[in-house]
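The same subunit A turns up in both complexes below, where it pairs with subunit B and then with subunit C.
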Partner chain A sequence: MIEELRAHCKELLAGKRLDSIYGLGDQGGAHVPRFFSTVDELDDLVLAGKQRLIFTCRPSDQNIIALVQGQRSGLRLGIVARGCDERALFELAKLSQLSLDGVEVVGVACDRTQAEECRCSQPYPQDPRFGEKLEETFDDPAVARFRKMGAEERLAFWEHHLGKCIKCYGCRNACPLCFCKECQMERELFVRRGALPPDFPLFHFVHMMHLADRCVDCGACEDACPMDIPLRLLKKVMRGAVRDLFNYEPGIDPTRGSPFAGIARVETTHGD
Partner chain B sequence: MATESVFSVCPYCGTGCGLYLQVHDGQLVGVRPAQSHPASQGKLCIKGWHANEFVTSKDRLTTPLIRRNGKLQPASWKEAVELVAQKLKAASPDHVAALSSAKCTNEENYLMQKLVRAVLGSNNVDHCARL
Partner chain C sequence: MSFEPKIVAFLCNWCSYTGADLAGTSRMHYPPNVLSIRVNCSGRVSPLMVMSALTKGADAVLICGCHIGDCHYVTGNWQTEKRVPLLKKGLESLGIDPRRVRLEWVSASEGARFVEVVEDFITEIKRLGPNPVKGAHHDRRTACSL
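Then we have the complex of A and B:
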């Protein structure tokens, strides 16, 4: 499949249909996100690993695609996107964090091995050009186990796991949908400075609630956690609740806005 | 549109987590954990996640400072090293201590303890991880 993908991307560049392709590149055996601007460079294009394509640059809080678009207007960009990458693109576009104008998604469906490894709820983009849509669910067995727990057990479960937190902000930093200039997870009102672990469960729940209508289930938060907190489970349960209550799944339909957008927000005006 | 991921090792502690510096048109724009790094396996702590920020920080020292008349003033490396050498020579061994660093290589740490023990004649040598 990789050879066909490279050939397709080379055609897109050689035919001058696109100016650049964004995807994962092989760099000394490691896989890193990069832009390919010439046909020859595309020999290094790879499809592998859990390395996410879409991420927020810091301290500018701008995602990598918007950063490039901001520098070159009218850029025609191809993005080799898996399901999770495409969902992040759709959500960021809805939230005006990047533009899909001039963007051509080269969709790649993940194979069974990768879908299982990633415990992916939808291991394919909307219209995969390569690979086949695996319609069965590869969902996390942790979700089913969690649903069987009673309230007391759930409380103890989260007290144990969230109590391991070293407040590295890796989950926030790794999240493609976290771009707020003023992060609520840094606000003294919710998160006491210098206190470890952070107050249970506020720190993680602020993140979860803020992502309730954005989380695209890519798993970057959990992969980034040095303390092995099952953050994916937290987000998956939240996504499930939003799906059940609002019939809405972030990242799936690029034209449908958040159901929360119509709900009046009551922001606190107290000082920190 | 040159965007590069430059592999580096986190400069903060002795663990040596792997990270990629995101460089866009010659500007540092962010840090990403290195997924395939054997020590850190795609994780970073809060310091590593911000490892790009001190590079261009306006608070970063770019020259040694010497306190003159109660005020820290910019000085050359030559002046600074000479002043330190002069003060070390004048002090008795028991009044001298050296704090080495987990950021240094093994070889640099070895040289530091050698300098303190063999040259200055003191046993007062420790490292930043105990501070």
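Then we have the complex of A and C:
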């Protein structure tokens, strides 16, 4: 598949249809996101397991796509995106963090092993050029286990896990949808400076509420966490809540905005 | 001593605060468990403020705003209407009873209704008992003072 992908991308660049391609590149064995601007460079293009493209805004103030788009207007950019990458792109575009004009998504669907490893709810982009859409769902067993828990059990579960937090802000920094310049997780009104572990549950509650309608279920927060806090479970549960209440799933439809994004009245549909 | 819940009430300036005021000026009695905070609009109440109140000592949070369609800012309480159900789901998934947060529409002329709402809420919270995350804040502080 990777050979076909490289050939396709080379064709896009050689035919002058695109100016540059953003994807994962092999650099001495390490897989890092980079831009490919010439055909020769594309020999280094790889698809690497759990590794994702980077759209985060930290440490710089803007995400990389917006930065490049700002420097060169009219740039025709190809992005080698898997399901999670594409969902993040759509959400960022909806939130005006980048523009989808001139962006062509080269969709790659993940294979079964990858989807299972990632516990992915939708391991394919909208229109995969490579690979096949896997229609079965790879439900996270942790979510089903969590749903069976009672209130006290849940509280104990989170007190234990969130109590491990060392407040490294890794979850926030790795999140593709966290781009606020002034972060509420740093605000002393809600999160006291110097307290470890951070106040339960306020610190994580900020992230969880702010991402409820934009989390694309990529799992970057959990991968980034050095203390193995099941952050993705928290996000999946909130994603589920938004789906039940508003019948809305972030990242799926690039044209439909979040119910919380506008000032319009949206009545809740009553889920379970 | 029986459990006396502490309730933080976010009241919108235009309807509910005036409603609560009316209850006062009409000499209606209601339990002193409610600590009211005046906000410009119920749409100003962020889930973080509610959670903040819960961790810092409140047993429950009451949010009151104008009836739908009567918002002074036209769309403010529509936002509250969307936010509160999600907040409740969030509380539920953390293991906090979502009944500890209540959203009620109280207009400026509904002083009696405000009293009713408060009394009913207090009865419910008395039944639920103290909030489990209250004070989690301070215990932890001592547990790990380096």
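Brief remarks on what is shown
Quick note on the criterion: the second predicted complex is superposed on the first by the 258 of 272 C-alpha atoms of A that agree within 3 Å, B and C clash if a C-alpha of one lies under 4 Å from a C-alpha of the other, contacts with A are read in each partner's own complex, and residues count from 1 in each chain.
Definition applied: a residue touches a chain if its C-beta (ideal position, glycine included) is under 8 Å from a C-beta of that chain, and two chains touch if they have at least 3 such contacts.
Computed from a predicted model, the values in this text were never measured in an experiment.
Contact with subunit B, but none with subunit C, is seen for A:226 once the two complexes are overlaid on the shared chain. In the superposed model, A:238 makes contact with subunit C only, not with subunit B. Of the two partner chains placed around the shared chain by superposition, neither subunit B nor subunit C is touched by A:14.
Of the two partner chains placed by the overlay, only subunit C lies in contact with A:196; subunit B stays clear of it.
Touch criterion not met for A:2: it reaches neither subunit B nor subunit C.
Once chain A of one complex is fitted onto chain A of the other, the partner contacts of A:180 are absent, as it touches neither subunit B nor subunit C. By the document's definition of touching, of the two partners only subunit C reaches A:151; subunit B does not. Contact residues on subunit B toward subunit A in their complex (touch as defined above): 1, 3-5, 7, 20, 22, 24-25, 29-36, 42-46, 49-50, 52-53. Subunit A makes touch with subunit C in their complex at residues 146, 149, 151-159, 163, 184, 189-190, 195-197, 199-202, 205-206, 208-209, 212, 234, 237-238, 241-242, 244-246, 259-260, 263-268. Every residue of subunit C that touches subunit A in the complex is listed here, in rising order: 47-48, 51-52, 55, 68, 75, 78-79, 81-83, 85-87, 89-90, 92-97, 132-133, 136-137, 140-141, 144, 146.
Across the complex, subunit A meets subunit B through its residues 20, 27-35, 37, 49-51, 55-60, 64, 67-68, 71-72, 75, 166-170, 173-174, 223-226.
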